[in-house]
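Below is one structure, written out as structure tokens; comments come after it.
When the chains are written out, they are named A, B, C and D in that same order, and each has its own residue count from 1.
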Amino acid sequence: MIRYVAVLLQTLVAMALAPGLVGFIRWLKARLQGRRGAAPWQPYFELRKLFGKEAVISHTASWIFTATPFVLFGTSVLVASVVPLIIAPAGRFLIGDLFATVYLLLLGTFFLALAGLDTGSPFGGMGASREMTVVALTEPTVALSIVALALNAGSTSFSQIVSHTLAQPSAALGPGHLLAFAALFIVTLAETGRLPVDNPSTHLELTMIHEAMILEYSGPYLALIEWGAALKLLVFLALAANLFMPWGIALWLSPAAIAIGLLSFVAKLGVLAVAIAVLETRVAKLRLFRVPELLSASFVLALLAVMSTFLVR
Amino acid sequence: MTTSLFFLLIPPAIAAVLAILVRPYTRLVGWVSVVCAAISFAASVALGAAVVNAGVPDDLVALSALWRVDALSALLAVCIAFVTLLASALGPGLDAAGEAPAQSRQFRIFMNAFAFTMLVAVTIQNVALMWVAIEATTITSAMVIPLTRTKASVEASWKYILICSVGIALAFAGTVLAYFDFVATAGEVPGALNWTVLRESARLLHPQLLQTAFAFILIGYGTKAGLAPMHTWLPDAHSEAPSPISAMMSGVLLAVALYAIARWKAVVDAAVNPWFTNSLLLGFGLLSVTIGAFSLVIQRHYKRMLAYSSVEHMGLVAIGLALGPLGTFAALLHVVNHAVAKSMSFLLAGRILHRYDTTEIGRVTGLLRVMPWTGSLFAVGILALVGLPPFGLFVSEFLLIRAAILAGRFWVAGVVLVLLLTVFASLITHLNRMLYGEMPSGVEIGETRSWPVVALALSVGLLIVLGVTLPQPISMLISQSVRGVIR
Amino acid sequence: MPSGNLGLVVMVLGYGAGAGLSLLAPSDRAARVLTAIGAAIGCIGGLIAASSVLVTRVPVDATFGSLVSAAGGVAIHLDPLGAFFLLLVALVGLPAAVYGVTYTSEYEGRHSLRLFGLMFNGFLLGMSLVPCAANIFTFLFAWELMAITSYFLVMTESQYAETRYAGLWYAVMTHFGFLVLLPMFLIMAPGSGATAFADLRTHAALMSGSAKSVVFLLAMVAFGSKAGLVPLHVWLPRAHPAAPSHVSALMSGVMIKLGVYGVLRVVVDFLGAGPAWWGGLVLAAGSISALSGVLYALTENDLKRLLAYSSVENVGVIFLGIGAGLVLQSYGLHTLALVGFGAALLHTLNHAFFKALLFLATGNVLHEAHTRNMERMGGLIKGMPQTAALFLIGSAAAAALPPLNGFASEWMVFQALLSGVQIPQPDVAIGAPLAIGVLALTSGLAAACFVKAFGISFLAMPRSEEAARARESHWSSRAVMGVLAAGCVGLGLAAPRIFDGLFRIAGSLFAAGSSASPPAVGRLWLAAPNGVAQVSPLLIAVAAALAIGVPVALLRWRGLQWRRADTWGCGRIQQTARMEYTSSAFAEPLRRVFSELYRPTEDLTINVHPDSRYFIRSITYTSAVVPWIERAFYDPVARGMRACATQVRRLQGGSVHLYLLYLSGALMAALVAAWWFR
Amino acid sequence: MIADPLSQLVMLGSSGMLLTALIVLWRKGIPAYVTAYRWQSWLLAAITATVGYYGHDPQLYWVAAVLLALKGIAIPALLATMQRRFGAEREATPYVNTETSLAIAGALVLFAYVIARPWMTITTLPTRQGLPLALALLFVSLLIVVSRKKAMTQVIGFLMLENAIALLAAVGTYGVPLLVEFGVFLDALMGFLVMQIFVYHIHETFDTIDVEELTRLRH
């Protein structure tokens, strides 16, 4: 029981942190680009404002359009509750493993793409088509990086991977691990619509993917979507962090452990956020049809990860 | 026994004579000949039953020095009588507003004579007289082909008579050679030409001469049986002849010729290593199946299509004869099934021709809606001919392949299967084109004279019965014949 | 009389009665109803028989030796595996039959519904008998009954040349499979001439390795052509669209699965464990089918063709499971192998449900929109909301989204493949991750494909008059679809229990398997072998319901006000359907990515104004995908056949002298042969 | 052996029959063919009678008589009437010209000897020398049927084929049983009559007896 509560709590924490993470990245980017930029907590204000406004719904839209934000948000929350963030409860208390997580995220994307088509706006269709393309091409990479991890831990469940990595730190620095990490990081960029795959801060229709799909959303719906997207970003970073460098994560529920877990978690997120910000200031967005090359590169990385794991085994 | 043989042979003769004597032609003659055909069919069934009950594998119900009926003869006799009955019942000259009486008369005369000669051929035990009878079938059937004299029918009848006469003459040369061999080694014996006697004393005969004789015989009767490359007369004759005659020729005449080959094979195998006859039969059989199959691919006339399918099926039977006991069983079963299916298909083709007034596949469209029953029965006939269950030919082809594999001749099985696929693809393509599509204008819709359809539906039922429950008497008859032919 | 036999009797009588009565029906309407009643009774009989076998685990036996004794008689033996597939037939057959009553009403007067009833019941009977057959003859008999009847069902709408062409392809391909089946069985049959499956099993154990491999290859070709493995899949995307929708549902949901049955029966049951390369071959075939199936589905604009290609993909997934099983079995890892087979069976069941659902829903769409072309649909969700919702459930299941059934089985296949890495030989084990990558890509693409299928045809603005006028179909058809949809959900949530049962069925196939115990943990958890990973669809569903329901409740409580407005058109006043993203536009990016496979042909003609080339009158852009796999495999065959045919035709030149020359030549040849042979 | 008159006579007769066949290959006019056939049939009858005389087989006299009546007189007469009916249609250019066909005929005779040699060893009949000749005659008449274009020529070729077989029977087995013999005669007569009818048909429908015209049915 207590563990369920713990899981619930850490999910709430993640939900609370997510907008901050986005805000932090934006702020840092602005700084790196020599602008002052909005404060890191700006997203919280935006969400509050959006929740207050009335929603505008297209005449052509159907119930799919109104249902999607909830599905997207719900799946993100669900995933956040599955992955190890601060504490890593043992397998039984989780409803699924890595594969399940991937499919849950896919569920959200599926509905988001449908919503993009639902309004009948050409931009929505464009976004949906591109989003599905990118997602489809990331799947194999995700799967293979999971395999690479599973080969080490002998399982695809988070807790076992985490505990296994903790048990033998040397593996964490092994080639397989690092390659898989690189692959998963690229996937993170693609899935969460960051540069160089998608530009989160553009509103130039022809280049955008995520923004094009949600173009028609407004008010609370938009808020839910933004929040869900932020949560998704946080979850992905948390995965990258905790699966590959799980140190500090709380394996048992003592106040001290949890405190350490929280701190280390924030620290890791910070590091990754900095990495993303730096990256986004350095690189330019790829042409849409160059994106597959990037993704296939990540696939090759994942494949190499698996290979090397076989070799060292 | 003797009486049933009497009632098997005499009625067709009577019918023929009657048709000759009565002129001008009246419908009565037609009906009489139908009744005669029915009688001789009944007699043939009785004969078959008697043979089965006698149960002796081969030894033989010799009725006299001349006549002899064993299982194989009875089997063929039943087929012949059945197809004759169908042809006679569905042939011209039965209804008042019928065809030209002269034609009907010609048809009735020679159709019955034709049936008579075939029946004699399978029940007589003197190989030379058997030859005489088979030669007579050529003459009688040839006379009916140009029933309506067109350039095409005249050409077809000329090719038929010339090629078949030459071929059959060769068969006689073979017979004479075998006899010469016999006389030279065993000396003059009464009934030396009775093939039982020949087979008993075959061990003494001079193998190589016998082989030469068999070469002549195979080519000779093979011409009549439509084995490639001597089959060339077949598509012409079968497509130009009136449909009932085509049904008889394709359904049973070919089988009668193969009957002769089977008899001689038994004799020769007793003297020489069966490998010889088997490989010859295999060679000609495979060639026939190949040529038959590929001639079907681009075929424009549905009657010729049926004719080529006969070539293919005769090839299968020849292959079966070369594959030992099981193969022979399959071959004989195939003869029975093919007789039913092919005669039915030809008679239906006759109805289609009568309605559409063309033999071109391309101009027969929407058949299922123009003549629903004829169309579906025709479809059934074709599907049966390509060897699909639940029809009899599936069983016999299944057994054929099994025989080939059990005999270790995998390549034969493989080649045959590939060719069967070719046949299927082409026939189904043509059938597809005929059954469906737009109805051509100026063709009246609906069935006429529906009772023939019923008769043909019965033979569909027969096909299914043969395919689903191969009846015990028939299988016993066949296995007895196998034991008669294979030693 | 034990319930099993009783069920079989009821089944046969039901189908038989349906066939006969509908043929003799007084009116078209009566024919429709009688068809359905007979079929329904037959399905219920099959249901009884199958479930009694599955529950009591006592096989049903019946032999009619007197029928065609020459070919070994007719023999029935229904074991758990067969019962599972019989269950499949009945479960999909029942909804299809009910659906057909209203669906075929539009055929009245246009096509013979009597013939249709005969063929429909015959089709169901054939499919039901295939898994019951216990000797070669019975099996082939049922197999061909299924083939012939389905050919005529495909030809129902024969007024379209396209349909006739499809029927041709279908007939030839299915007969090809049949003709490969013959030698496969006969090689396995012992020399004694026994043809019972039991004898085959015993004789197969004595066969040499090479002979076994030949049988295996023949089985893969024969059953693969029925299951629609690439490159033997060509008939599928032609026949499925041509057939009436509920027939397509049966063909796609059940008939192609009997190919899977055949492979399991012959390869796993008769031949037993073979060399590892068997499994490798099956994995390769599965991967190719899954990937190319979904890729071709993506570029389809014809909704039914899209579904047909998606069937090719799912069959590929099923064979991935089987392949994993075979490889693992060849290394003696029986429990893991059973996970593979079990996963394959699970996906077989699940695919049957969601694909049947999708085809039936498509049937309603066709009935309203009068086109299969998605680019003339759109906005249907307004006119037919329930059909849309049902189609959405089907699509989600086909995209393997949790917690629906597609997810459960694909997860199991993933785990089965993953356990492939436990194979001692690294060079073999490395195949597993590759297959996993393929499967992951496939599922991603499937998601994209079904976003397109649902989004383009049901959402946004209608692209044609008919689509705008579309209304809901008869309640009965929606009801049966509802049942199937409930099945999709239920099978997803109850997956652990079901997988438990399927695992045991697979275990009954070989001795070593019967002792193995499934890795399921409790009733809630779908578990990977050795319990290294678990997932609980039920918990996922509950949690998802919470995670989605709570925000909804909160917003409702806060009360959210909203208003309607036009879609933002970049400043344009009026949005028209012409401006929407079309089906081909949606697939364009992926088509570019995989242009190697598609080899798209593009043709852009711009008609400019004579005065200035900057004023464009019209732009016509046509682009087609070249099915080069088909061309590569089938064109040469067709060409070769025609060439041979033209050569052979020359022989019949018409000159009697030529003919006599053949005769003399043959004579000389025979004489020489007789002269040589000593 | 050489002194044996029977074998001498048989050799003579058989060679004569073969010669008549070669004449058909050589000459062009149909009347000449008819004459050749008449001569051949007479020779056949003579051989049969001789065999009967030396073999002390009275049956063969009857056979010879019927032969003479049927093939030596009746059929040639009918042929003559046909020929008069059709006018003097000459065998225009055959498929293989005279020289070649004669050469082929030579080859065929050789082949016949090769085939028939083994048989000589198994019998002691004095007439066995006739066997290869009979076979050669068979082949040559086949050649005639194959290579000549006029329907009538083909009929004559076929008739010669029958003669060849009759010769084979006569020299090989001193004739087949009487019943068979007459059955064969019946068939021969009937067959010839039917062929004659068909030749008339051809002449009426195609107004020629050139078989070249008969290539309407193909494939």
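In this section, contacts are C-beta pairs under 8 Å (C-beta built on N, C-alpha and C of every residue); 3 or more make two chains touch, one makes a residue touch a chain.
Since the structure is predicted, the reported quantities are computational estimates derived from the model, not experimental observations.
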Which chain's mean C-alpha position is nearest the mean C-alpha position of the whole protein set? C
Most heavily contacting chain pair (counted by C-beta pairs in contact): A-C
How many angstrom lie between the CA centroids of chain C and chain D, rounded to a whole number? 69
How big is the gap, in whole Å, between where the Cα atoms of chain B centre and where those of chain D centre? 31
What is the distance in Å between the mean C-alpha positions of chain A and chain D? 101
Cα centre of chain B to Cα centre of chain C, whole Å, reads 44
Name the residues of chain D that each touch 2 or more other chains. 115, 142, 145, 154, 211, 214, 216-217, 219
Where in chain C do residues touch two or more of the other chains? 649, 652, 656, 660, 667, 671, 675
Okay, what are all the chain pairs that touch? A-C, B-C, B-D, C-D
Listed in rising order, chain C residues that touch chain A in their complex are 379, 381-382, 388, 392, 396, 399-402, 407, 411, 414-415, 418, 421, 426, 429-430, 433, 436-441, 443-445, 447-448, 450-452, 454-456, 459-461, 528, 532-536, 539-540, 543-544, 547-548, 551-552, 555, 558, 560-570, 575, 577, 579-581, 585-590, 592-593
The chain B residues in contact with chain D across the complex are 126, 128-129, 132, 135-136, 138-139, 142-143, 146, 149-152, 154-159, 161-162, 165-166, 169, 172-173, 176-177, 179-181, 183-185, 193, 206, 208-209, 212, 235-236, 239-240, 295, 298-300, 304
Chain C contact footprint on chain B (complex, rising order): 158-159, 162-163, 166-167, 170, 208, 211-212, 214-216, 218-219, 222-223, 229-230, 232-233, 235, 272, 276, 280, 284, 290-291, 294-295, 297-298, 326, 329, 333, 368, 372, 376, 383, 386, 388-390, 394-395, 398-399, 401-402, 405-406, 410, 413-414, 417-418, 420-422, 424-425, 428-429, 432-433, 435-437, 467-470, 472, 475
Residues of chain D defined as touching chain C within the complex: 95, 111, 114-115, 142-143, 145-147, 149, 154, 211-212, 214-219
Complex interface listing, chain D residues touching chain B: 115, 118-119, 122-123, 125, 138, 142, 145, 151, 154, 158, 161-162, 164-165, 168-169, 172-174, 176-177, 179-180, 183-184, 186-187, 190-191, 194-195, 198, 201-202, 205-206, 211, 214, 216-217, 219
